[in-house]
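Both complexes below contain chain A, partnered by chain B and then by chain C.
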Partner chain A sequence: MDSRNFFRRKGSASKIKIHLNRNKSDEIEPLSLSLKDNLNKLKTTFEHCEDLVYRKVSSKKSNVDFLLVYFGEMIEKNTLNNNILKYLIHDIDGFSKRKSYEYSKFIKASLPVSNIEEVTDYNSIIGPLLSGDIILFTEDCYCALIIPAKTSDERSIAPSATERTIRGPQDAFVENINKNIHLIRKRIQDPNLAVEFFTLGHSTNTNIALLYIKGIAKNDIINKIRLKISTIDSSSILASAQLEQLIESHKWSLFPQTLATDRPDKLSRSLLEGRAVIIVNGTPFALIAPVTFAMFFNSSDDYFERTIVTSTIRIVRYICFISSIFLPALYLAMTSYHPGMLPTPLALYITGARVGLPFPSLVELVFMQFTTEVLIEASVRLPKAIGQTVGIVGGLVIGQSVVQAGLVNPLIVIVVSLTALATFILPVYTFALSTRILRAIMIIAAATFGLYGIVIAGLFILIHMSSIESFGIRYLEDFSPYSLSKLKDTLIKAPHQYINRAPEYLNEKNNDEV
Partner chain B sequence: MKKQGFIKVLLFLTTPVFILILVTGCWDYVEIESRGYVLGIAIDKANPSPSKDEYLSKRDMDLMELMEGRQKYAYTIQIPIIPRGLIKPYGGATGGGEATQKRTWDLTVLGHSFFEANREFSTKLDYPPFYEHLKVIVISEEVAREGITESLDMMLRDHEVRRRTRLFVSPQSAKSVLEVVPNIDDYASLYLEKLPHNVHKTSRMSHITDLGQLSQNIHSQVDFGLPRIIATDTEIKSAGTAIFKEGKMVGWLGELDTYHGKWVRDGVEGGILLIESPFAKDELVCLQINTSKVNVRPDIKDDRITMNIKGKSTMTVVEVNNIMQDYAFDSESLDIFGQAAKKKLEDGIKETIKYVQENYGADVFHFNVAIQRYAPSTWDKIKDNWYEIFPTLSVDVNIDIKVLDTGLVK
Partner chain C sequence: MDNTSKLKSISMLSIVIHSMIGLRLLTLPRDLVSLAGNDAWISVLISGLVSLIIGYSYYWLGLKYRGLNLSQIAEAVFGKFIGKIILSIFVVYITLAIGLSIRAFSDSIQFFLLDTTPSFFIIISMIIACTYCLINGIKTISILMDILLPVILFSIILLVSFSTTNMDRANLLPVLHTGIMPVLGAYVESIHPFLGLGVMAYVMPHFSEFKDTKKWIFIGILIVTFIYIAIVMMCIMVFGSKETEHLIYPTIILSKSIQFEVQLFERAESFFISSWIPITFSTMLLFYYSSVLNLKALFNTNKHNFIVYLHIPVLLLIALYPKNIVNVYEYLKIPTYLAAGFSIISISMPVISILKSKKKKNNCI
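== the complex of A and B ==
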């Protein structure tokens, strides 16, 4: 499917927007009758585009001249050669019977290509031309034809690399927006699944789709999102991450207020819960909005495995989140401020491990934490072949030799690596990144004020979390105000029968079955 | 403009953090290895002080010039020696030569006030003494007989010392108990601290005897007992009780008397009851205590006060001397065992109460608490001359023992 088909079907509102964005004026500029004039005009507009091809051909049977304009690498060569050129040059006949202004209508009707559009306005050919369509001018005709012939050289649908599941579906989003919408439509075959198109970015003209299910999603929320998107004034939107930053209301918060995922099953579930999905052309990661804190602990696999197992794993994730933030800070506070709170054998053991070490615990902790951050960053970016080497260098060489050299207490190595592991268990990478910063804040608090500092900093984070909201939905909505039914799909995962209702705060009608 | 504002906010937020870290240093931040963990304290009577005060503290490490008072007590603190590299996983010190190595550092200072002595430790110890891990306080009999409140007052006031610190009384020198080199444990203090955990196995030791309990007893002005310990070079034994009357030790209770005393105080957590077989002479039957519950109520008729000691207990047969006898397997004999056990236990309890009444006059059974609670009007009349009434109290002991099964004999 073609993206333009969608907005053509929906009417002209969004279509005009492209051209408005680009030309900054809504004057209609008629096309010239002469091929030469049109050619010159195009050459001025696309003065620096050397990859734009101007191809003049004439019909052998009728002796009519045509001008084809297209970007050479963006079109499907087969369509051009077999369906357009061959037809125009050799097969088409009957021009003599018609008036020249009827030519374009005649070609449109006889060319073996679907979805040809006829335009008379110069400004309306520029957008399609840039997006990879072929423009056909005919001598003595005031109409131009837009012939869709985009190449489909996108990668094919493959399993998600960032969120793998064991029993779940193995398809994931690709860069093409239409394929992505198709993946969703395939799952939700419902006329109420609404798809709204926007085009953003003065230079990039990026297609953005807003998906929601009418009747389930709350109108307030959808209006808020629509307003946010339509008021964006940016020259470029290259990825969904940019859009995410442009539409979220707490820019300086550590907590993500939309959830990015490339799993169509996860997105479909969110849609059915009454959330909206924003897909950006060129990015395989779609955004879910609004989100709550608890959603960052859900993995797709949770819905494909048995209840008790899943619930236990969920609780483990919460524990890991808490310990990934608090563990190093607690270690520091306990050993340096409140050793009386440790059991005596443990206090003596840690003392024994620390006797004779040259650096204070804080320095050790910061040093090891820093090393881990470096290792993680290094292994994320490196090619797979070298990635393993990083693990060996980091884990064995640094971890072991630092202890052997008597620089770092082995317990610190355990604490730091446990913390790193606890971070890896979080299913959403963006969210896992936030914990790194939170952890640093906690270490500073613990180093300055001990447990007291941890409590104060923890309270600040809690206050911040409860104060932010994502498109009108509070971040901690799942836990406060407290209701047992909200915990069915947050802290644990109840059997499917019990959670087949969407969260109340998201719904237009509370009793809507999903 | 906008950017400058942001920088201002950033500075505003980060400056206090940096000032706090860099300028003030970290409040109360002490590395875990730079504290001296006091695991145990021993309080002994000080040797007669040297006649010439001016020599004090010049030659003898244990002596110091006192601000006030006299060399009354010898305070010893026990600090674990954690040698460099002892617990390092790789390399460092290995097991060799550890047997001869000293495991603890026992520092003694003679003085009157414990706090003054505590500060004097800092003249010898490069780690500040840290009392949050204090496990045991051992008091020598000599000190206990003169009264323990004087030397323990600081422990009750100080915020570092935990209420769960256990107290022990030893007829020998308290320091010698701390100097025990345990066979398995590293430090005598930890060894001693764990001994009362065996209370489920035997009832011959007192077990709820920590600082919190002591404080409660002293302030509610009741008499109490503390466990008796004796020690050799490598072993410590906790059995028997030191009896305290009005904060001063008045005498010892033997192991069996302690056992009976615990029944009266409802402190039995486990242990055994050994009886002679009712079916044959010179054959023993051993019962294990499963559960026990004892209540003490005053029974006042006219002016006579009788203490009713009523209880229930379930037991199991664990050992019978002669298994060739039929009674050893017969479930009907269980009731007969129970009757015998009841008689034996009741006699023992009565004997112990009588012994304490006659010899010490110390109300370690907390009869006064029972009277105060269940007969307050009577208590108001007798509380002023309680110590005259206590030895004359009569007791009525009634403990039902149900023997549940004969155990499994294959």
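== the complex of A and C ==
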């Protein structure tokens, strides 16, 4: 990559697209001087695009011909009518004083639209045209103008639907990448906030922005992320979830190695901690990298409530995480392998309750677990109005009647529903999903080898968690080399004046060794 | 595996504690009490003090031979030929110790948790867990140790503090009734678990801040000494020395004797034996790690993963060879004797090293 390309990368999003498209078909095709030739060439390239508009106009005052090419539904009609067409047809004058090759420069200087670009290469107009810019050809001029006039047909900024807060800010990311960057810039007004653009996907040409704060984020980490993104070779990237899978290093792990969120306040906090944020055009969910295990227990509300309350809730979350994985397995192990551990009255009660039941505990547990999984999936996908019905059907009808029908021990209903509730407490949905699989693994381990199986399976999961890393940061970095300063925002949350410094392992200044 | 990955000095704390607290804690009170009666805790105290010296000598060696682990240091101190012989003693000692402890572990699991499960499964699952961790490198091991440490300390503190309800302090009296000799005799027995400290000399090359590391080594040894003394004292205070002699697993029986005010668990020992699984696992893992480094030095090879996999059949053979629990404890005497040799060698290493460097200085002059 030469120095020119390097500078282009720092420029606006559309510029990168041009340069990438040029790379795709390497030879440069100069534009023709005649409008007709250019028109024919475009018509062969966009043979199947019936929504492409070719509009010929000519200036009244100077009698010069223009050709405007655009996708009719992708442009702002107002800009086209008032700022371009009106100007070209009625107002513009002075062509007679100039040579024909100066025409485009002249138009560029006098058109009342910002960010017009001048190109001479046929291939470099295709990208902007597809992304919704207007291309203007002038008779006898070898230059074409790229006039940005994209419509902003997007949903406006609304509260986040997936991560609600009570006291936090109520704005959330939308699909448009520029709007999202704006939301971050509004919060971090610092010239050191770096924004780097990439374009990925041969057919989707998706814009991707990498954000970090220079001086806080560690260079090693940023370089690793940049390398990962720029070496992606994929034909389509439609959402941040695809990018997530392409950049993470442990693809078969159950644990997410980036954190997806649409809350700009959460993202800004991560940026200030020295993490990087990756925004993908077309998805409201941006990715935070690198992440550590403890981050999945932080909710946005933690930073808006009082210290002691928050710390207690945090600890409750950790307990819930552990019990959502181990509770059903422990029940199974205790009742089928080690009944001696239970207090005698409880053991007697369980035996009594199980007398009339036809199936072994394992079958009951798997059946109830399966039922809850179905209920959860059903209520997530259904529209809100029907969702409540699912709750009633699931909670009351199935829960009650399964016991009455003599299929399941009532204790199992308690265990399974407690587990499901514990899962819902986890603030990050992706992370809560992986506990379901972990729970299944634990149930299998408990069913085959009792308590020993649970402990060994737990050890295996712990070893796996210690071994994975996210862009050079260990997943359990928050707990591993012990340090009091790491406790401030992990297991508990210290008052704000103690935690406004970035974690040591992310900080550029403490660059010695992690 | 990369040797460049550096660990923070505080990681040494968990490695030191884990290397010294292992399966041996389950049976140690019996062995000590049968030798020294109710003064057994004094021998543990002596062992703790001695292991401070051993710890310092390892630290000193690590400082002198920066970037070398114990097996490489042994070669550097004793020369190529004798070094290899000593290394093979290390290798035999450590592999026997791991293999037999896995067997003893699986026996105790069968005894308390799963009486019909074949011990083969318990042994192989333990070995595979260790292997899985080892191929991920020292950083993973260190993180795992750090995460497991609070769990282990918590369960031991729980055990000790619950036992205080039915202890009888009079059982400790009279102090030094039989004289000092039985205490010293028990000391030889009690130094054995403290020798796990040797693992420290294998991980030393991964530490860079030496001064802080020394501090954490000493704190670690003190904590371990405290835990051993507390467990041994508790066994004596709860059961009396006569009864402790006849218990196979006094520490587990100690948890069995716990009676909760509120009935939370009917039998607490299942809970404690399951918390013993990570304790045994971590010790085994560290021994396994040093065994891998030993073999790597012995065969002058760098194939880390190959050596790790090579251990699986060897350990399986050792673990499955003894016929019953009596056999296991008979065979366990071999590594105990080797351990005595190990300790003599490791204490003599700094001395020889000093003599050598003096000789060199004289030659220079």
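Here are some notes:
Just so it is clear, the second predicted complex is superposed on the first by the 487 of 514 C-alpha atoms of A that agree within 3 Å, B and C clash if a C-alpha of one lies under 4 Å from a C-alpha of the other, contacts with A are read in each partner's own complex, and residues count from 1 in each chain.
Keep this in mind: a residue touches a chain if its C-beta (ideal position, glycine included) is under 8 Å from a C-beta of that chain, and two chains touch if they have at least 3 such contacts.
Since the model is a prediction, treat every value here as computed from it, not as a measurement.
After alignment on the shared chain A, the placement of chain B and chain C results in a side-by-side fit free of clashes. In the superposed model, the angle subtended at the C-alpha centre of chain A by the C-alpha centres of chain B and chain C comes to 40 degrees, rounded to the nearest 10. When both complexes are overlaid on chain A, the residue A:Y337 reaches chain B and chain C alike.
Looking at the shared chain after the overlay, A:G356 reaches chain B, while chain C stays out of its contact range. In the overlay built on the shared chain, the residue A:L348 is in contact with chain B alone; chain C does not reach it.
In the superposition on chain A, no contact is made by A:P383 with either chain B or chain C.
Of the two partner chains, neither chain B nor chain C is touched by A:P30.
When the two structures are aligned on the shared chain, A:F479 is found in touch with chain C, with no touch to chain B. Touch criterion met: A:G450 reaches chain B and chain C at once.
Once chain A of one complex is fitted onto chain A of the other, the partner contacts of A:P191 are absent, as it touches neither chain B nor chain C. Taking all C-alpha atoms of chain B against all those of chain C in the superposed arrangement, the shortest distance found is 5 Å.
On chain A, the surface patch touched by chain B in one complex and by chain C in the other comprises residues 337, 340, 344-345, 347, 449-450.
Contacts from chain C toward chain A in the complex involve residues 6-8, 10-11, 13-14, 109, 113-114, 117, 121-122, 125-126, 129, 132-133, 136-137, 139-144, 146-148, 208, 263-267, 270-271, 274, 277-278, 281.
Interface residues of chain A, counted against chain B in their complex, comprise 335-337, 339-340, 344-345, 347-357, 360-362, 400, 403-404, 406, 410, 444, 447-450. Chain B meets chain A in the complex at residues 17, 20-21, 26-33, 35, 37, 39, 80, 82-91, 130, 132-133, 135, 160, 162, 190. On the side of chain A, the complex with chain C involves touching residues 337-338, 340-345, 347, 449-452, 454-456, 459-460, 462-463, 466-467, 474, 476, 479-483, 513.
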